[in-house]
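Shared chain: subunit A. Partners: subunit B in the first complex, subunit C in the second.
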Partner chain A sequence: MSEKVVNLEINGRGFQAREGMTILEVAKREGIPIPTLCHHDALEPVGACRLCMVEITHPNWRGWKGLVTACLYPVEEGLQVTTESQEIHQVRKTILDLLLARCPDAPYIQKVAAEHGVTATSFKKNEVQTVCILCGLCVRVCAVKGCNAIGTARRGIRREIAAPFGMPPPDCIGCTSCAHICPTDAIPWEDVNGVRKIWDQEFEMVRCVSCGRPIMPVTQLEFEAKRAGISPDYMTTCPACSQQKTLETIRTAFTIKRPASEDAVEAAS
Partner chain B sequence: MRINSVKSLTRAAGRARGERKRLETEVLVCAGTGCLANGSMDVAEAFLGAIRRRKLEARLKLGFKTTGCHGFCEKGPLVIIQPQGIFYKGVKAKDVKEIVDQTLLKGQVIQRLLYRDPNTKQRVEQYAEIPFYSKQHRIALRNIGKIDPKCIDDCLAVGGYTGLAKALTEMKPTEVIDAVTESGLRGRGGGGFPTGRKWKTCREAEDPTKYVLCNADEGDPGAFMDRSICEGDPHAVLEGMVIGAWAVGASKGYIYVREEYPLAVKHLQAAIEQARERGFLGDDILGTGFSYDVQIARGGGAFVCGESSALMKSVAGEVGEPRAKYVHSVIRGLYDKPTVLNNVETWANVPWIITEGAAAFASLGTKKSTGTKTFSLVGKVKNTGLVEVPMGITLREIIYDIGGGIIKNRPFKGVQTGGPSGGCLPEGKLDLPVDFDTLTEAGSMMGSGGMIVMDDRTCMVDVARYFLKFLVDESCGKCVPCREGVHQLHQTVNDICAGNGRPGDLERIEALSDVVVKASLCALGKSAPNPILSTLRYFREEYEAHINDRKCPAGVCRNLFTFRISPEICNGCGLCAKSCPVDCIAGEKKEVHVIDASVCTRCGACRNVCPTDAVEVI
Partner chain C sequence: MQKTLVITPSRCTACRTCELACSFKHAGPAGLGISRIRAFMFGEGKNQILTCFQCDDAACVKVCPVTALARNEATGAIEVDEDRCIGCGLCSLACPFGHMAHDGRMAIAIKCDLCGGQPACATFCPTRTLEYI
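== the complex of A and B ==
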């Protein structure tokens, strides 16, 4: 990112930002709320949900103004941004209204819509209802992870998040990043008896060498170890046990006495 | 043989012209997709057989070739005999013997194969005298129909690649850009962006790796301008692209063409190979040291891939979806490099501008829309086909003078321009000059040049429904307003057509359209409500009739009308009864016929055959 600093205005207040930052990044830093559904700080923005639309203009644009997505628009010197107006609210309300027709039963969408004053959709509900809003966060996180196991299939109103050919995705490592990033909990998964189920596949879990609790699928462990260039053996202890072990090591090295309270806790359990 | 200098190009062109001059007669058979579908390959084979068997080549110094589309697709297969300029339409393989005997050997014209003017009923012998052609001005289509697109020598004979030679040897890249800017050429794919300005920005972009691409992903229903150019004169497109690459400093490019255009792909591929062989493409073009090469990228036929950023993703092997273009593709396009993307027709204009001069191009058309534009004129018009006219011509001239007016002389109702994202204009707008800005102001757009003419039996609500359905199917679904919004618009219009319209529907449509226009990610979504907004603007009463009176005045939406035979007009000819597929029309010969509305499926067959227009919509 460039080191050049630009001056811009958001809602009439002046701010400085590095060139190349997006309007959304600056607004977030300054605590100015802009609603989003398809945005995650760790992922490339795509501008799919259109909820973050803001109005921009510039003293040099001879009065021209327009709506852009804050998540994608790079700030520039002299840019004037308005994050709230009647027009912007109308756009956001309509988008949430449309999403409610698609996902009438998704609690998260109901909540965000209600925050914008939409309690029920004014449109005809879609024939096929779902809780997936097609924000694409799952596909993007899977790509960043390096797996590209899932993608989008079909187009238009029939678009869906899918594995290739609708079969259990061969590149899936069972990490559940897709399920965790999903804002509407649209991707089902479960861990039962040391076996993880996601995307119509079962993954055997590696158990912690200390406590025996399942940590992660064998496939994920191998994938992560290979990517990090370390032996899988380094990763066979669960985070809690590994923390405990580190603590023990430090204590032994510096011969620190265990605090009495910890002894008491141990005795009680 | 490789051509390494302008001199050897001139010599090669001279040789090719000499070959042509040696011929005393030439038979041209149209082998564009339209004529092929009508059986022109059989006609061509019959000619070839006759020529071989009867040794006509030597006897008559006869030349024969298959050409690209002549534009008059409705009358195909077309056969033209030069130098007399005799134009035969609707030729069948069995007519070939007669053409050889009468026309080629005896010099007599066969009356029955001549074009008959639908208005004057006169037979027209000469190609150039047919009103469909005489009003046209062909620049982009200049060679189509005259040359064999598979033969580069034929292209050289009509001056192919002289523009390239001039640009590479006599002009600096910036001079080429200046010439294109001065010509006023604007993008023919629909956007109408000034081509020279696009090239200039790309040339000035810092990154030294640049791409020059051609958009041949034409996908509007009823449009076939680009297909005809790729099929009929692929070298014009290639020549334009090499000139463009020289101007912006690119060394690689792609032609993005849809898989559904197999003949265009075949001819383009052949042209690329021939051009490489001759030294017009690849390394050291024309011995000047400049290198540029082109590859074909075939698309799967998604309409959205005609959008520039989606097209570039598709070329790169990714899913063809648009991205926000806050940084333009001339700065960051294909593989994030500066990229010029122009449409087929734009590229085909470029060599002409270089050889004939920017002023010659700018002198045609209007001040802000110079040159000519190709349209595919289709729908309820007598002469359908491909036409190229100077900008600024009126819609009336195109539809009535070139198109010959409405079929059966029915009343004109509207014309849809600009493809699915365009709009419908009513009779009151017929005298508007056709140029980029006027059409946009009127609520439609130039688009890539589709022009669908509609008569009084077209329901405008149904037209909007059709285009919305197309856009629902072709939306990529990435952004919410286009995916969900256009779907809702389509649902509402569907309900209106089915007779389930509710009061307030029109206001809801307008409010939702407003958001779809403002909030969609790419031009497909932003213009998707156009068919409905323009029909609402000019034909609102038709929507109101559907909603309030539950009537479809045009007699299209089957739930909203019944047919009745007017007893005052019916002459009892019985044609309606014969054509009815469900036998619901009764009546004695020469007596008034009656439709049983309880059985009638409202297919409209009776209305179409009735010679006295007695079948009414009520």
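== the complex of A and C ==
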């Protein structure tokens, strides 16, 4: 495999990177902090949140410089990247200011905004109650799992994360990955008496064969076993019970039994 | 040759130094709840230690939807890429031995990674129950 190596500069320091890597990947590898909201290493970058904005320039660009999202911009030979400057800080502040206006009650957004020195929004607060920042992590994680049950609907100010036609999504397996990856806990779900409720749907849960604790929805078990190519029996025991079983197996397998003759001697005496 | 974490349970006193060393090494002074190794007390000579077997054909690797679990060829340990893990918990369910756990606070899977070739549990085990040889 021939991989082209490119040289670039981040904050004045020279680094080498594989061609095709993004600025964010290189910065992360080198321990240079770039704030992100919608990035996850396992998912395709989409540049939704714009928080990872950095400034780039190139010796051949005759002084032209521009702001790009670090998560999407591929590195190139001679690229000069600046991750911190007055202008970048101002851009990030504006983004967080807008997010605070959209989701004034989301604790995570309040925290990230405060870290960047934004404590209150200067815009008019959103009248519609929401904590969703439309980062799209849920949609992408659903796609990675192979379900594609949810997506974005509508455009502009009415844009939202939704199931097709606002109905319970037929492709949803009830895995709650979308809810877990959501940075602002915007997707509600609950497990009650062995029934999981998410996206206006109810899923019957598989119970641990030993202790009866609900583990995961029946639909998810079938889906995951098929995808991974393993027997569903692998996933029908909860971790605690599996551990107990291992312990018992090891204890019985490696207990050195006293020879019967010794027992006989003891009984006789 | 690749080294292995050798456990000799008959020497174990279930003092839990391994659990402390493990959680301290991986999470700072965060307590035994997130230790990757477990000591079980059943009385002298019967104590047991459980930690990941680093299976050749591992179920955890197979079920991971985002390939966050991969073998470190240098140590032979299966490691969790914490930045890739989406915390779905499938690996801990799929492990037939119950060796994987889920760090609720961080929402990621945790497992023994042999500390990248210097297992803290073996370093601190006072009775040589755990040896990295």
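Basically, the second predicted complex is superposed on the first by the 239 of 269 C-alpha atoms of A that agree within 3 Å, B and C clash if a C-alpha of one lies under 4 Å from a C-alpha of the other, contacts with A are read in each partner's own complex, and residues count from 1 in each chain.
One rule holds in what follows: a contact is a pair of C-beta atoms (placed from the backbone, for glycine too) under 8 Å apart; a residue touches a chain by one contact, two chains touch by 3 or more.
Predicted model, so just to flag it, every value in this text is computed and none were measured.
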item: Contacts of A:I23 with subunit B and subunit C, given as first, second, both or neither; value: neither
item: Touched partner set for A:C49, first subunit B, second subunit C, both or neither; value: first
item: First (subunit B), second (subunit C), both or neither touched by A:I34; value: neither
item: Partner chain in contact with A:I95 - subunit B first, subunit C second, else both or neither; value: first
item: Contacts of A:V118 with subunit B and subunit C, given as first, second, both or neither; value: neither
item: Which of subunit B and subunit C A:I181 touches, first, second, both or neither; value: second
item: First (subunit B), second (subunit C), both or neither touched by A:M205; value: neither
item: Partner chain(s) touched by A:R159 [first = subunit B, second = subunit C, both, neither]; value: first
item: Partner chain in contact with A:I173 - subunit B first, subunit C second, else both or neither; value: neither
item: Common interface positions of subunit A, toward subunit B and toward subunit C; value: none
item: Parts of subunit C lying in touch with subunit A, wherever the complex brings them together; value: 9, 38, 40, 42, 46, 48, 50, 59, 62-63, 65-68, 81, 83-88, 90, 92-102, 107
item: Touch list for subunit B against partner subunit A, complex; value: 302, 304, 319, 323-324, 326-327, 472-481, 483-485, 487-488, 491-492, 508, 511-512, 514-515, 518-521
item: Parts of subunit A lying in touch with subunit C, wherever the complex brings them together; value: 28, 40-43, 141, 144-146, 175, 177, 180-181, 215-216, 224, 227-230, 234-235, 237-247, 250-251, 254-255
item: Residues of subunit A touching subunit B in the complex; value: 46-50, 53, 67-69, 72-74, 87, 90-91, 94-95, 98-99, 101-102, 122-124, 126, 133-134, 136, 151-152, 154-159
